[in-house]
Amino acid sequence: MPTSRRCSVSKPADPLPSRWPRLSPLAFALTMAALALVIASVGQVAPTPGQLVDGGPSLVRLVNRMSPPNLDPAFLTRIFWRIVETFQIAIAGAAIGIALSLPIAWFAARGVGPLGNVGAFLSKAFISFLRTVPDLVWALLFVATVGLGAVAGTMTIVVDTIGFCGRFFAEAIEDSEKEPQEAISAIGGNRLSILFGAILPEVMPSFVNTSLFALEKAVRSSVVLGLVGAGGIGQELKAAFDLFQYRNASTIILVIFLIVLGMEWATDRLRRKVQ
Amino acid sequence: MLDLSPARPSTARGALSDPIVTTGGLRKSYDRKTEILKGIDLTIRAGERVALIGSNGCGKSTLLRCLIGLHEVSAGEVTALGETFTGLPAGAQKARLRRKTGFVFQKHCLVRRRSVLSNVIHGMMSEPGSWRAFSQMTAPETWRRAALEALAWVNLADKAAARADALSGGQQQRVAIARALVRQPALLIADEPAASLDPVSGQDVMALFTRLCAEHGITLLFTSHDMSHARSFADRIVALKAGRVLFDKPADTTTDADIEEVFRVEAR
Amino acid sequence: EALRFGVTDIEGMEAMQQEFGAFEKALEAATGHDIELYAMSSRTSAVEAINQGQVDLILTGPAEYVVIKELADPVIVAGWQRPNYYAQVVVLANGPVKSVQDLRGKRVTFGSIGSTSQHLGPAQVLADLGLKLDTDYRGEIIGRNVAVEALIRGDVQAVGMSEGHLKSIREAFPETGFTVIARGRDLPNDILVARKDLAPELIETVRKAFAEQGDALMAAVLQGDDNQKYNGGFFLTEIKDSDYDYVRSMYATIGVDTKSFVGD
Amino acid sequence: MPTSRRCSVSKPADPLPSRWPRLSPLAFALTMAALALVIASVGQVAPTPGQLVDGGPSLVRLVNRMSPPNLDPAFLTRIFWRIVETFQIAIAGAAIGIALSLPIAWFAARGVGPLGNVGAFLSKAFISFLRTVPDLVWALLFVATVGLGAVAGTMTIVVDTIGFCGRFFAEAIEDSEKEPQEAISAIGGNRLSILFGAILPEVMPSFVNTSLFALEKAVRSSVVLGLVGAGGIGQELKAAFDLFQYRNASTIILVIFLIVLGMEWATDRLRRKVQ
Amino acid sequence: MLDLSPARPSTARGALSDPIVTTGGLRKSYDRKTEILKGIDLTIRAGERVALIGSNGCGKSTLLRCLIGLHEVSAGEVTALGETFTGLPAGAQKARLRRKTGFVFQKHCLVRRRSVLSNVIHGMMSEPGSWRAFSQMTAPETWRRAALEALAWVNLADKAAARADALSGGQQQRVAIARALVRQPALLIADEPAASLDPVSGQDVMALFTRLCAEHGITLLFTSHDMSHARSFADRIVALKAGRVLFDKPADTTTDADIEEVFRVEAR
């Protein structure tokens, strides 16, 4: 400080730190390789702006073909019941999936979970595995186990939800602020105490977001439920396209959009509640 | 940026200069139940150094934050650096106001994943070409040098390349001070700048403030729980109690009894 | 006890009720057994369901039958005839392709892999007319909706589909003309099969219902919108597995050995 | 404090706060309704434990049918090229999508973005819209615009990526620590300064996670690329199932699983780098 | 939980009681370049109150954190409350050690989305049935009362229901103190407990510590930048400088010259 005796001793020649972070040669090479890969890929398969501009008329044609949406009351009633059916399965599947994701994500969170780093890796691998095995295989398995229908549909959604929520919950847990956790640990709290005392309050908004996204995904997903003969709004949409009933399809899309918007709104409200 | 060449004439003590901050009947409540500030009338003149004292939770930080529109004022009017507002200042007003203000927070609020130097360079964010202040990588050479100089003032030039969260509590506090000083603010607001500094560093920082205020006509408003700091580094002491100004006196006429009164707890 | 009746290619229970609700009642009346309906959108899960005894009866298409026969060895109950069930190769009416021979070296799309009318049938038609898949023309699997867009745009030159598909496409694209340049023989019938360990008396009861009360049952089937494809058709009770050898040869045409299906 | 004069004035009868948070009647009713809905749905369509236990043998049978994986070199070579093809499209699509998601997510972040709350809501609605419109519709549009193939595939993935990353980026931005942002704002930083100075360093780990998940999703997604005739490993997998070549399918699943694990590992490394 | 009935006999000053914390050649470096602690030998006896002083960044917080295994010790040995470890204590050791320790952080580290009462109840987390300490909703009545009482000690009982982040800086600091005190720790480690407290609250908190130490035989190790606190509330003052113990003296024999020496900056 200039006015104090300290000032005189502060070496005037403290060097400016280098502008760029110092990377190890390996890290540098990897970064460059990744960049080159991205650029090469983008160069080969990205659309040119001209192509995009040309798309205007096709867009108009497509929209024309899809409008006006079919608002026939009988059709709307059918759609309504399909949505009820979908929601029932989606809510149950997402709720069970979210509940199961919580402990699994805790196990999978490095440095936080109770199983150590190896356990965390294995849990992460398990979550990835649930995600990698295609829906069709789960469908086969569940059809063989519990038969065709809503129960198998629920289980397929459970698996999908764990594959998704498990990863994002674990990430939120790993990224949550360390200080309050340290504080509880210093008082003698165990890992469970840290989880419930410090981590959960902190990650709640992120969990709400992930969970409601999982629910939304379950409602939107068209493939999964059909595979096990469970039907739902997604099937109706697929059927509309298969029969080239574009006006029916646009009605269904609009309805789903309204639902998604509603859930977006609910997510926002809930997140502000737990903020 | 502090331009160190022709020091502006410091305002003579005692001579009444122009008001730089004025509050009229400022009230603030966070919720309907309790009002934290119950009508504060305060005038701070250019070049003055004012200490704000009061017990924990009396509303010092709240008042400081209201002055630059970080909190909405519930009632009353604030005029700071020529900008008059009620509630929150409008966007453009806020920008003009803050461009000339330096603010040191009680919780130092550094960006912990960035280097110390980057954090100080953030202090340039209201200069033209502000995007270059995003981090030390993008900053022009002059800013980088100015930031390093500001760090040298608070004796942290050797930590410039360290990550902000690898510093001790007191060191972080000093980085926040350097961030507020790197560019020459007309008004410097500092919320307990010396709270976690060791005795000598605390003295040094307060002396640095005094020197900068004298040389560049900076107006200083700071809070402190260290009465010796308030008494020796401020021209004036403003004491808050129960949401009101208890007294507002020149520092040299403030008595021990006055101070005791500030912190005395009344029967509720 | 209840008979569990599954249909492939129906999307969900709701749709199943709608299409086959009336038929369910009629079949209950005709057999005296309770009927439960199940829907299966994928043939993979259909195979799984019949193998695990989750359904007793499956109504399915010819290509699926060949697979199920291979993997689950079911018992044939009755054929469901679909008049006008044939595969065709569709091109743009005002496009450059005027005959099948023009398709040499061009792109042809098939709607869905292993589907009788969208993949096996059209490929067989072209083969019958001398065009070998992947040597004389490029065959690709692309959904009908997209394929039609690509056809109009000129990316592909022909699309394989059934007669019913073309009808709905013509409705959706009134401003575009489509032409059929090749058409196959009528495809084998849809078929109702029973799982192999279902009690023979039960199978016999069902078979008898179709033989003796076919008209009533067909009238009930036709209550469903999508089931109009059976309009004018009959239940055929004298169906043999060898009737589907034509489908097996179609599999061979697309390069799939039906013996290589992996079952239990 | 007991020993000081303060002690005497502290009212001894400061009441214990109520155990439960006080909810407004409406909030209470809504919470109860939501709970009831979840419980009712779960009750109706959840599997019983018995059903799950019975599933064991079917699982074994399914695995038997899928093993050993087909390791024929010719097949593996084909798979390899399919994966290269898929990666090229996925990387390009995800990279473009992530780049576009950044500004959109900023617009969509309440209280942070430059467009105000209405703008944020509209941006969120836009993101939701991209997500709601089914892949098939995007495929129709892009095929009509740029023709069948890799470019249309890339664009479909771009849209999918924005629909996903937009939402999760926006959430991360909204949830990021407020103090450093306030500090920069108090010094006169504008919204862009706050974004680059305080928010981005803070949300980097979460962005890395979301981005690499989006890339993984693009690689895994079986439907999207097939829709536009761009092929890819997903298409190969679907064909293997449709033709009952289960051993081929299991090879493909294993390969995808290895890739997913690799990306999981990369995610972890990268996140620790930016921590 | 503080059991207030039969106060354990406080250890008489001067009489040498058993060591409760011992470090032997404790070294600590965060990275390879600089060693923060260069061999600390320290003995703290049961019932003592020890003040740790030193300039900013000299390693006080680092030392305190090493004692309970929050940081890995690079070299040397630590014995605390009967647990001896090098590096990091093993899991079970750590649990036993921390069960008997109260720790007040320099950054108060409250869980900001929980109520003040919940935060204090967290102090019970090492008691049997620890899950009930997750929040005030699940806590048993006795713990809730004990927490409210601890809050009353620091004069915050009326804020029990407020969210932790709705408190002023000094109030948060006091909540953290209540959290460390709610259960009767054998060893209380407090990192600048009075840093952002107003003068009277600071005195009060230090007096509270003293009283609890006397009544319950608690051992106190605290850091402070307020030399008057160190001198009047500690039995012994330990000064750190340049990674070593500069001096370790009874508080009443520490002179002004000693203290000046601690904070004097040598030419580098």
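Order of writing sets the chain letters: A, B, C, D and E. Residues in each chain are counted from 1.
What we mean here is this: a contact is a pair of C-beta atoms (placed from the backbone, for glycine too) under 8 Å apart; a residue touches a chain by one contact, two chains touch by 3 or more.
To keep track of the chains, here are their UniProt names: A, D = Phosphonate ABC transporter, permease protein PhnE; B, E = ATP-binding cassette domain-containing protein.
Being a predicted model, the structure only gives us computed values, none of them experimental.
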Report task. Could you tell me which chains make contact with subunit A and subunit B both? Result -> D, E
Query raised in the report: What is the chain whose Cα centre is as far as it gets from that of subunit B?
Result: C
Query raised in the report: Which chains, taken as a pair, are joined by the highest number of C-beta contacts?
Result: A-D
Report task. Go ahead and note the Å separation of the Cα centroids belonging to subunit C and subunit D. Result -> 37
**Report entry** subunit B-subunit E separation of Cα centroids, rounded to whole Å
**Finding:** 30
Report summary line: subunit B to subunit C, mean C-alpha position gap in Å, rounds to 79
Query raised in the report: How far is the middle of subunit D from the middle of subunit E, if each middle is the mean of its Cα atoms, in Å?
Result: 43
Query raised in the report: Touching two or more other chains, which residues of subunit C qualify?
Result: 44, 52, 145
Query raised in the report: Which subunit A residues sit where two or more other chains touch them?
Result: 6, 11, 136, 140, 144, 150, 241
Report summary line: The positions of subunit E in contact with two or more other chains are 107, 200, 265
**Report entry** All pairs of touching chains, each written as two labels joined by a dash
**Finding:** A-B, A-C, A-D, A-E, B-D, B-E, C-D, D-E
Report task. Spell out the residues on subunit E that touch subunit A in their complex, using ranges where they run on. Result -> 68, 70, 95, 98-103, 105, 107, 109-114, 122-123, 125-126, 130-131, 133-135, 176, 179-180, 265-268
Query raised in the report: In their complex, what parts of subunit A are in touch with subunit E?
Result: 5-6, 9, 11, 179-180, 182-190, 192-193, 196-198, 201-202, 204, 274-275
Report summary line: Given the complex, residues on subunit A that touch subunit C span 65, 78, 81-82, 85, 136, 139-140, 143-144, 147-150, 225-232, 235-236, 238-239, 241-246
Report summary line: subunit E partner, complex, touching residues on subunit B are 30, 54-57, 61, 106-107, 166-171, 174, 192, 195-202, 225, 227, 263-265
Report task. Within their complex, state which residues of subunit E touch subunit D. Result -> 115, 117, 136-137, 144-145, 148, 151-155, 157-158, 160-161, 200, 203-205, 207-208, 210-211
